[in-house]
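Quick notes on the structure that follows.
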Amino acid sequence: MLAEIKGLNEECGIFAIWGHKEAAQLTYYGLHSLQHRGQEGAGIVVKQNGRLIGKKGEGLVTEVFTTETFEGLNGDAALGHVRYATAGGGGIENVQPLLFRSQNGSLALAHNGNLVNAHTLKHQLEMQGSIFQTTSDTEVLAHLMKRSGYRTIKEQMKSALTMLKGAYAFVVMTEDELLVALDPNGLRPLSLGQIGDAYCVASETCAFDIVGAEYIRDIRPGELVSISDHGIESEHYSYATYPAICTMEYVYFSRPDSNIHGINVHAARKNMGRRLAIQAGIEADVVTGVPDSSISAAIGYAEQSGIPYEMGLIKNRYVGRTFIQPSQSLREQGVKMKLSPVRAIVEDKRVIMVDDSIVRGTTSKRIVSMLRDAGATEVHVCISSPPMKHPCFYGIDTSTHEELIAANHSVEEIRQIIGADSLTFLTVENMLEAIGRPAINETCGQCLACFTGNYPTEIYPDTVLPHEKELIKK
Amino acid sequence: MLAEIKGLNEECGIFAIWGHKEAAQLTYYGLHSLQHRGQEGAGIVVKQNGRLIGKKGEGLVTEVFTTETFEGLNGDAALGHVRYATAGGGGIENVQPLLFRSQNGSLALAHNGNLVNAHTLKHQLEMQGSIFQTTSDTEVLAHLMKRSGYRTIKEQMKSALTMLKGAYAFVVMTEDELLVALDPNGLRPLSLGQIGDAYCVASETCAFDIVGAEYIRDIRPGELVSISDHGIESEHYSYATYPAICTMEYVYFSRPDSNIHGINVHAARKNMGRRLAIQAGIEADVVTGVPDSSISAAIGYAEQSGIPYEMGLIKNRYVGRTFIQPSQSLREQGVKMKLSPVRAIVEDKRVIMVDDSIVRGTTSKRIVSMLRDAGATEVHVCISSPPMKHPCFYGIDTSTHEELIAANHSVEEIRQIIGADSLTFLTVENMLEAIGRPAINETCGQCLACFTGNYPTEIYPDTVLPHEKELIKK
Amino acid sequence: MLAEIKGLNEECGIFAIWGHKEAAQLTYYGLHSLQHRGQEGAGIVVKQNGRLIGKKGEGLVTEVFTTETFEGLNGDAALGHVRYATAGGGGIENVQPLLFRSQNGSLALAHNGNLVNAHTLKHQLEMQGSIFQTTSDTEVLAHLMKRSGYRTIKEQMKSALTMLKGAYAFVVMTEDELLVALDPNGLRPLSLGQIGDAYCVASETCAFDIVGAEYIRDIRPGELVSISDHGIESEHYSYATYPAICTMEYVYFSRPDSNIHGINVHAARKNMGRRLAIQAGIEADVVTGVPDSSISAAIGYAEQSGIPYEMGLIKNRYVGRTFIQPSQSLREQGVKMKLSPVRAIVEDKRVIMVDDSIVRGTTSKRIVSMLRDAGATEVHVCISSPPMKHPCFYGIDTSTHEELIAANHSVEEIRQIIGADSLTFLTVENMLEAIGRPAINETCGQCLACFTGNYPTEIYPDTVLPHEKELIKK
Amino acid sequence: MLAEIKGLNEECGIFAIWGHKEAAQLTYYGLHSLQHRGQEGAGIVVKQNGRLIGKKGEGLVTEVFTTETFEGLNGDAALGHVRYATAGGGGIENVQPLLFRSQNGSLALAHNGNLVNAHTLKHQLEMQGSIFQTTSDTEVLAHLMKRSGYRTIKEQMKSALTMLKGAYAFVVMTEDELLVALDPNGLRPLSLGQIGDAYCVASETCAFDIVGAEYIRDIRPGELVSISDHGIESEHYSYATYPAICTMEYVYFSRPDSNIHGINVHAARKNMGRRLAIQAGIEADVVTGVPDSSISAAIGYAEQSGIPYEMGLIKNRYVGRTFIQPSQSLREQGVKMKLSPVRAIVEDKRVIMVDDSIVRGTTSKRIVSMLRDAGATEVHVCISSPPMKHPCFYGIDTSTHEELIAANHSVEEIRQIIGADSLTFLTVENMLEAIGRPAINETCGQCLACFTGNYPTEIYPDTVLPHEKELIKK
């Protein structure tokens, strides 16, 4: 499904590299391949002649950076970030990396994830005299580091990280090193790669393929990796780790050509589709996926069921920030923007429509209706994940929704609301087996909080909006 | 395959509408859905308060038109065009619609196709005192009309059209009517639709789906349709018609959700893939398609063969005009731009790579090499069309190529050049059967000139570049 | 006064150069110094490797051309143009130079002035089959040339020029030469200069100073100059010349640092101010000029009268196309845009306000009112030209005005309308003596048509708008 | 002289308003009139529905703000800033107003001036755990306020201001009030005005004229003014005031239509010119000023001496950020960018060239040379201020210069270096009498530090660059 349509968004992608003479350019290409993780802003900080220099802006990577950018932005190390801005949190000052200047040097900071105790920590920091220039969580780490009392940046960082709760992949760059840290649950993906003698890190491995880097391994929960001219060093700032990889990265967020902890996303999705086919067991004429993220699952479904896969829905490319929205009257006349059904394929057919998830249900309802208008005789909706019943506090933007449809309605009710002939959700067990990784109650597990309500960290009261309180499992 | 990579480009898309109070906006959405037919320039001419007003620019539809455009650009009829500029033929003056002003009124003109006697006609017109402000063929029609001696625009047009040879879908707009004409071979697609009381025409039916229009029928070879406030009228300016629909529209150009003369493009491509699988009969582990245009054929191949379809190649979205090209050194390090292989899928696998065509062979060679670098043990290339041995003079930009690889090499030689383990081309017969339409020697046929050298029109000597002479079948 | 405020605008500036390896860049700087002659569009055509290549756009020279422009736009000859677009005549196609392509070569064309028989000629040409793509007069010359039957461009041009009536400075560029022509009255300025071995022409000599060129001489009425690799050649296409230089060039249009036919514009304006002071003989405390064009006259007035010159009015710089206009309510609250009075200077003072001309009177009224609001006890308006009673048909945009105030009102009535304590216009005699050049009834004279109604050419009935008919002196 | 040429730049302009329903728009026009004080960046923070919302960017006011900005940016109070970025201090994060978010509310901060103990204070704050996101002095105030321990913003500000040394005009905006403070020396100008019921403050009074506000009075040294819905309140955070108004504001920075502490800038400059004429007593043919800032002085010189004032030098308008710099070879050929001499005026003349100051001498040298090349027989340089021998630490950007020519050379040596026939500097006494205000050793005086080395505040060692140490008077 389309992020813009569904309103299910994660907050960032990170790429960093140390020790390559075209560091800034490689970061550009790396960020470009992570563009799907955030389209609202992009920034790159470069270490050039021993100084950190930054350039950032609102919009796509290709809008923020031009040929002229790189005339002035060379250097041998770089840290880049793409950002999805949650409602109300826009503005150029929130675009990362954040860059802090002190008399002892500079510090650039990029973050992917969401802290659950940010509000509490900010309150404490402000009581102690800290002032904040952004509304993002990210700035908290810099303040905690500065106040830690330690002398080296690495010690400051180790001290500060122990105070954070929630999901975070942090990359810090100074004039001397790159410091890379992952939260003790490893909720967000972050991988380590190598290009010649240079090391790089990226939120997804697809960035390595684009820049010609070799994948080494994933950053481990609770690990702090330091990359400098002296090479690479790893230590753990915390051993109280409890791996809980975000399952939605497999289901929806990541690019199909990325691997997360050794498992290819496309392959996992295809397996989900296969198991969904077995679960559903529906008779139909065609299988179609909602582009782009549900194509893999739909193909798996088709292969398993023997029902042919067809392009029953097509996505309009070239829809960017500058696209003019149709007026209400044009919408009512049926002007489509991002997704259109293919009449020749669905007309007089029983259609299985595979999608990755249902958040509010409005999009599913619209697509079912489009397919029927295009002549489908039956529309069976098959979702390659379980019902989302609980809000996410780890960086997935479901907090702006007034309601998760599955938190308030049974599957049968949802089916009626979206107008489908049948509705099947993949079970948690099938989803985990499709990924091939056991659940959270073992040492290397998946976070299933949005499906089960079992949150891998404690949840701070101030993080939770009133209407969400009841959604949190006791 | 990607137009930008392959250098196989058609020259335009047209959308026009008469009698709708949001004509300009609908044309915007229509053009947007035809963006794949031309990304170098876009223009819209609107009839507003009885006057024709134009706006055009270089770039994508979303770059040329902004919200502000439509504050000033309303009206009840509009004609729009997207253009692919051939080498050397760029510049704002070539962006269409062309707009001619005379003391009796204005005339806007949009064209899709290529005239084979443009050079000869231009020469004659210049001898008679005409001057040209563009380097495109399109301007010729306006001059011929003006010089025809007839009083009405329709008579002028009928007279002028009889002098043209080649491929053309022309739409002319005056303050009084929309005139729509297709060449006697019907080489380029052009369809008629309806939104409420308003009529519209479009190069592809996908535009109708986007704007909520209903498809009526395709414009017929040799037909001249007039649309005005008095309704719609059809006549034939020529009955010497000889239908020869461009086969490459099915193979490569059109959007999969479009129908051309009643046949869905996705369905035709999937059939091509099925027949290709039967032809090839190769043992392998995965089937992958080159995105975007070869996906349908690859799925058909997979279904027929039982070999699973996988996303072995992934396309980088967001690559537009403002994308910064990697330097030579970065390219050599393996920085990829538009297409990257998915190691997790192809590693240690025998891969069938389905593509729609081979023009020069350089792209196929690069993809085969990428797949091998990503660990494929075998790479079998299956092409869902026959070898392209002859240049096209009807609007497909192969004339800039110094050579068509298939014109100079056997299939075995091509296989060696691109480094594949095997190479299979779909036969002409299988391609036609997949489309479901008989060949050119019957009354409703397909143009196969680029495969067979049987050109459906005479070819003027001055149209043909020296190196192409030998490629034309005697 | 400010062109934008007054609505008194001329239509162009031209710069061209032949035989300099940085031709395009020099044309950029030359056009830049002529920017005051037209701010709506700019274009440069360059001869590069024997081909003509053009780039044009709407806006200021610095907006249309960027560093990237000149990466692709070199060559050894260039022709540039800045344009002021009259109402309704905007659009990219009217931006010059116009570029015509024929099978024998290309032809670029730039024009400053206005033809009085353009309408008639266009009608005749259309009858013969010509089609027009612009609404400007300029295209007419190209059609006449093409239809002349002559073989060489120079002969074509000589033939065509004899058919034109009105004001024109034409520069034509082909792959082989630059052809420069001035109308038989020499209404518009055009000068010849030299940089090393290269020759250049410009609408004003200030362009020569900017690019480091040496002034040679002015182009003569009826002259056709050819500049090529073989050097420079002059001939006359007409000897029926009757010099009538536009007086408003001295009064208002040209930059003060330009010389026209050997007379410096600043010096002429200062003399006008001196003679105006003698004429007016008013007692006052301060003299102030309306920036920018009236400063010279105000200084002359101050010197002659002994009344100190002060900056009683100041112009807001940085007001360009992107300036946001204040809302009506803000205007009423006194928000000023382009001009503001200096209270400290005019408060409790008797002020002589020198301006160059009064067209509609609305601006004068506003300035008088501003000065009074700022505390001036008396405001005496002194105009350094005679009342404008007759429309101009030679390129000055007074045709959009519904009325010239001086055509319908006596001086005393105008004084009352604008609210001045006194109003003095320079007499025709004093103006001519200030310039130092005798009037139109001698061989080297000034055009005074807008003041006296004596038009130096015949006026074609179809050129004249109905409301202007009565303004033309019989 | 031109700021860009001379490298003598001040760092800002401020405009703020409270209680007007078009606050944002008025701030736009106010900033626009202060554009000469800073062209590198602009920002506006608006109080809208009780929240502070900001928009800022690099470039001119008209580049940063568009019509669309104000569709979303309304509200009833606003604070705006234009910035000149010193070398190395660019970047979007330094553009003001800075906006700080805390859990108790937001705080926007704009600053004009320069703190001499910023380095020391930053060091102390960092020791206490503060982190800085900008390289500007301005952020220091926010940190001091936060750490002051006081509860109300006003008390925090009063406490913090007492720790600052140097030149500052600060405006702070919260959701509840506007707080306006001036340093105890009153080095930078800041005035209070009124529009209907709304109060506004501006760095120069010209902003009041533009927005239709009435001038009330100047903010006093050591004063803290609070403006809120409850009206206006004044108090002094310091009574240890020692007025020392920056003299260069009169000489060069401010717009001629501004008044500073009751004295009009144009009038003061004209008086400087008059006294300079008496001092110099040179025989010559013409007086010319270097535009824009020296025109007033040149006119005063001409009036006093009886030598006519002429426009011997003309400035090229439209030279903005997008202007393409000429290549070295074009420069050597004499391509001019910003200033050109008028040959017709200076040829064969003895020229008095009036300029406001000499910093490095390179510009004066270039202008003298241009005038000689244009035919001047003698060039006498008259400077309307004394030699600048000492660096400024209060916001004038002379710190990037390796040397002030007058610190190292006698007047006669400077004359030889710049190639003038004579060189006259206005004496300190004449300059002060021209302004009409006694010097610094009295209670209401002028800062003369750059001329005399008498700094009105203590100078912190860490502020002074090594090469400047010897320039500070012991």
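First chain written, first letter: the chains are A, B, C and D, and each begins at residue 1.
The criterion applied here is as follows: a residue touches a chain if its C-beta (ideal position, glycine included) is under 8 Å from a C-beta of that chain, and two chains touch if they have at least 3 such contacts.
The UniProt protein names, listed by chain, are A, B, C, D = Amidophosphoribosyltransferase.
Bear in mind the structure is a predicted one, so any value in this text is a computation, not a measurement.
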**Study point:** Set of chains adjacent to subunit A and to subunit B
**Key:** none
Practice item. Farthest from subunit C by Cα centre, which chain is it? Let me know. Key: A
**Study point:** Chain centre separation in whole Å, for subunit D relative to subunit B (CA means)
**Key:** 60
Study note, to complete from the structure: Whole-Å distance, C-alpha centre of subunit A to that of subunit D, is 47
**Study point:** Set of subunit D residues in contact with two or more other chains
**Key:** none
Review point. Between which chains is there touch?
Key: A-B, A-D, B-C, C-D
Review point. Where on subunit A does subunit D make contact in their complex?
Key: 54, 56-57, 91-93, 98-104, 119, 122-123, 126, 128-135, 142-143, 146-147
Check your understanding: Mind pulling up the subunit D residues that touch subunit C in the complex?
Key -> 22, 25-26, 28-29, 32-33, 35-36, 60-63, 65-67, 70, 195-196, 206, 209-212, 255-257, 259, 264, 266-267, 270, 295-296, 299, 302-303, 308-311, 314, 316-320, 322-324, 326-327, 329-330, 333-337, 340-345
